[in-house]
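The letters A, B, C and D name the chains in turn, as written, and every chain counts its residues from 1.
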Amino acid sequence: MEETPTDDLREEVLAAFAAELGDGLLESYIRPGNDLWIRVTRDAWPELASVAQRKLGFTFFDFLSAIDWLPSPFARDMDSQEDLAVHGRDEKAPTPMTQGYAGGDTRLQVFARLLSMSRQMGITCKVDVPDDDPSVPTWSSTFAGANWHERETCEMYGIDFPGHPNLIKLYLPGAFEGHPLRKDFPLLARRVKPWPGIVDVEPMPGNDDAEADA
Amino acid sequence: MTVTDSQKLAYVAAQAADARVNLEFETDDGMTLNMGPQHPATHGTLRIIAKLDGEQVVSCEPLPGYMHRGYEKLCEVRTYPQVTALVNRIDWLGSFANEVPFILAAEELMGIEAPPRAQHIRTILFELSRVANISLFLGDLGIQLGGLTIGFYAFRDREHVLNQIEAVTGGRFHPNFDRIGGLKDDLPKGWIAETHTAMQKLRDFCNQAEDLLIGNEIFQARTRGVGIIPPEVALSYGLSGPNLRGSGVEWDLRKHACPKGLAYDKVDWKVWTHPDGDSFSRCWIRLQETREATKIVDQLLDTIPAGPVMAKVPRIIKVPEGEAYVETENPLGAMGYYVVSKGDLVPFRVKIRSASFNNVSIVPWVTRGVLVPDVISILASLYFILGDIDR
Amino acid sequence: MNTVLALDLAYWQETSIKVLVVAILVPTTALILGIVFLFKVMSWMQSRLGPQEAGPRGLLQLLADGVKFLQKEDLVPDRADRIVFKMAPMIVLISTVLLYVIIPAGPDLIVEDLPTGIFFALAVSSLSVIGILMAGWASANKYSLMGGLRAAGQLIAYELPMVLAVVGVVIQAGTLSMQGIVLAQANGEIFGFSGFGNPFILTQFVGFFIFLAAVQAELTQAPFDMPVAESEIVGGYQVEYSGFRFLFFFLGEFATAFAFAAITSVLFLGGWYVPFVDPTSDLQNYLGPIVLFGKIMFVSFLIFWFRFTYPRFREDQLQTFAWKFLIPLSLVNILATAVLKVVF
Amino acid sequence: MPKVPGMIKGLGVTFGEMVNTLKPSGGPVTVQYPHEKEEPTARARGVIALHEENCTACMLCSRECPDWCIYIEAHKTLAPPRREGGKPRQVNDLDRFSIDYSLCMYCGICVEVCPFEALFWSPEYEYSEVRIADLLHDKDRLGEWMETVPDFEPYEAGSEAKVKKVPRP
């Protein structure tokens, strides 16, 4: 792939989206010759779908999901265990929350990907989801395939999709509480058992500085 | 054996949850038929609830989730090399193909490209897993439609492919062979010649499948004109792979948007499409694709370049901050990984876009008004792997 | 008159021997077909060997399975209609047993040579529909119900082409008696050559294929196995049955297959008639059963060969096939037979 | 409406397979398992063997294991010096090296990351147990598997990889 023509292609698509959505388009990011990200306001989210499908040829619905930008309070779980064993205290400083490409202001973001077959390129669309009102208008009236993806996102992140015909749980049992893919939902499989990777080497008897040598 | 109170409570809760689901689907007229989670037609634990009027389906709703393992969450606590061992289990019939898009996404973030020899072998194994997957589809198709014999042939001939995969990777089903920057190991001696023979056997199997099943008039009567999906609907549901090409859309990620790191541009092959969009066209396309895949493998085997199979990568893999989405044309359809990295040992977020999830979400739409036997043939022709739906 | 049993038996003695013979024949034939075709031929066609552990080359596997079934608990679903549920397998088996009454294995080897033999056979064979319908209804299971109703619809639809296919044979033979049909073939001649007799398959080949298709449907074998369709309705009317009641269905299925293969051989392939031997000679009583058995195995092979090769039809396609293709075809066949019968 | 050709072809396929299974040169594809066994390839991932002398209890395998199924305990001890007249070396002596095969998913990461070539794949697969607890193989059991480890195969033409050696006693 040569860089310049594809780059132009994505610039052109971006300009077309900007023209259609106006103020709805908040930010964008282009990785030349590779991919395009855009972020829109919540009000422009349904419009984005219909514009993409009907006017700009992004007819193929790839997926829709969400992302929780909160730095995990548990990390890998074992990291903290290791630190505790070796250093006796948790040395990890809490990392600040940063959003990925095309920016963002909120902890939760819904993102979706569409594909244009005529242009042979994809686009990742993002929208911010405020914490106090975690809801995003549905895409299922435009892209029928978004139906199941939104159900999954709803149960995994607790994001509401007003206008969705049947927003019931897809995977989880009906009585399940919590939203498993949020970062503050602990992964119990990693907590019920101690990490076996902690160094368990007994020092030489009567040799106190054995650990320093090793 | 003693039963604790908590076990009793859990049982009661499960029963109540079940009863509620049943109630949701109970109709005041007609009959509700519950197929699955244990049902021969769902190969896996998919539950399908069909409201019937006689033998005609009024509405039909799949209920996945009986095999949901939460891979997206599990990936967040695993280092990049560990993830490949995990994602093998998504589409377990074409398991090597699951690793490839993830590795390609990580390579893209790290700015590494695998050496040409590794790209070639990667593509060969990718196609071998496609052959293994789809040849079993042809057998499964026969079993679903009542012709058991082809199923045994499929298992018999898939074995040739699995043996070849095993000889290289050491694993029949879960190769865990693809690495960031290349492959774990090189090919063993004599493997190329053996694979040529295996591909010939697979082509024979395809001929057998065509004679025994696809060309059979009963089979055609069962599948032609059944479960028609027009191209616009297929696109808006995100159908991919042979299901999309069966609706007449010429779109193959291997040809039209091949990600870096695979050697599809070095071979000459054809993308098959069928204009009908019915069950038969989907099955027929899969048969043709298996043949095409054996040809791709043959061509690639003859042109493997010499060289290393691993690029220079740091011993401890930390992927720089960024986001990347790579999707490849897997046996079941387009499979992609959206990897978000924070510059850590582990991915921050992995969204797994699996083909079967989208492919099955069309079931309620496509089964309105068909007969119960057609539900089976439509499900068989859409071809899903439960692990690929539930992840 | 030659007779194998040159004994003069009282009526009750004769009857009890006949009952005993049928009672032994039904499970034995089912076992033979089960082992030879379901276990062995099917395995070979699927490129494997079949059971190998029980007995020499696994030949006793089916016996072991039968014993296993007998040991299993006899489950009756909670909401089933208990009496009907328990009765259904018996009725299926009774229909099978009655079929064996009219099958001739030699000039004198027949339980009862009814003057309306073939008519009787077709009548009792449809009795099994009632059993299957009862099983489907009484199981209190949706899959069973669908299976039972499918079976009823299918068996009734294929009764008709079967009868019509037989009519051609009956016209040619001029009798309804099974022995009469065999003798009519034995005494026939092909262009003046009488060594082989004149098996009706030569003149009634259309009838033969219609009859075979109808038999396939009657036995609910693939491609007409919708009533038990494993991948759709998970065994249909058999879903709720276990233990010896399931064994009854199994026995019924395979013994009926044997009986229908026998009727096919009698109607179209010359029955017990040994070529080049006088049909009235006593040798027929000794060699006849062997010849008939060979023919039965051939016909069964055809039946099971189709079963292991074809995928299944859809219910409506099956009905279309019966009503729009087989029945008109058999009517044409009858017409042609009748015209030719009058002309020659 | 059924036409003849496709259906006849199908019958031909099944009949041909039957003949092929029965004739001496063909035979079935199945293997009568307990009586005859198939030979897995040399690279097959059957069971992990431990070469205890090479293990330094560095914990790398245990840490990289995605399933957390490798348990290592060791103690420091003095080993005789490598050169004559040198100082005795301090080494880690293994107390425990167990792999829980009821958790293991045979990914091979431990074998791959081992920097001292102490872990090897063996194609042996017949070690199923009645009790799940017996699937926890200790270091003696893992050491016994070393005998079954095959030599590494040579590579296909054009390869630049070096063939490794399996340490033999």
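Points to keep in mind about this one:
Rule of thumb we're sticking to: a residue touches a chain if its C-beta (ideal position, glycine included) is under 8 Å from a C-beta of that chain, and two chains touch if they have at least 3 such contacts.
The structure presented is a predicted model; accordingly, all values stated were derived computationally and were not measured.
The chain pair with more C-beta contacts between its two chains, of B-D and B-C, is B-D. Using mean Cα coordinates as chain centres, the one most removed from subunit B is C. We define each chain's centre as the mean of its Cα atoms; on that basis subunit B and subunit D are separated by 27 Å. Our note on geometry: subunit B versus subunit C, Cα centroid distance of 44 Å, whole angstroms.
Subunit A and subunit C have CA centres that are 65 Å apart.
Mean C-alpha positions place subunit C and subunit D at a centre distance of 54 Å. Counting partner chains per residue, subunit B has residues 78, 149, 153, 156, 212-213, 216, 218, 221 touching two or more of them. Within subunit D, residues 1-2, 7, 10, 13-14, 17, 29 each touch two or more of the remaining chains. Counting partner chains per residue, subunit C shows two or more touched chains at residues 45-48, 308-310.
Here the touching chains pair up as A-B, A-D, B-C, B-D, C-D. Residues of subunit B touching subunit C in their complex: 31, 33, 39-41, 55, 142-149, 152-153, 156, 212-213, 216, 218-219, 221-222, 371-374, 376. Contact residues on subunit C toward subunit B in their complex (touch as defined above): 45-48, 142-143, 146, 222-223, 225-226, 229-234, 308-317. Residues 57, 59, 62-63, 65, 68-78, 90, 92, 95 of subunit D are the ones that touch subunit A when the two sit in their complex. Contacts from subunit B toward subunit A in the complex involve residues 13-14, 16-17, 20-21, 24, 64-65, 68, 70, 72-74, 76-78, 108, 232-233, 235-239, 249, 251, 256-257, 322-325, 327, 334, 336, 338, 340, 342, 345-346, 349, 351, 353, 357-358, 361-362, 365, 390. Chain contact summary for the complex, subunit C toward subunit D: residues 41, 43-49, 52, 305-306, 308-310, 321, 325.
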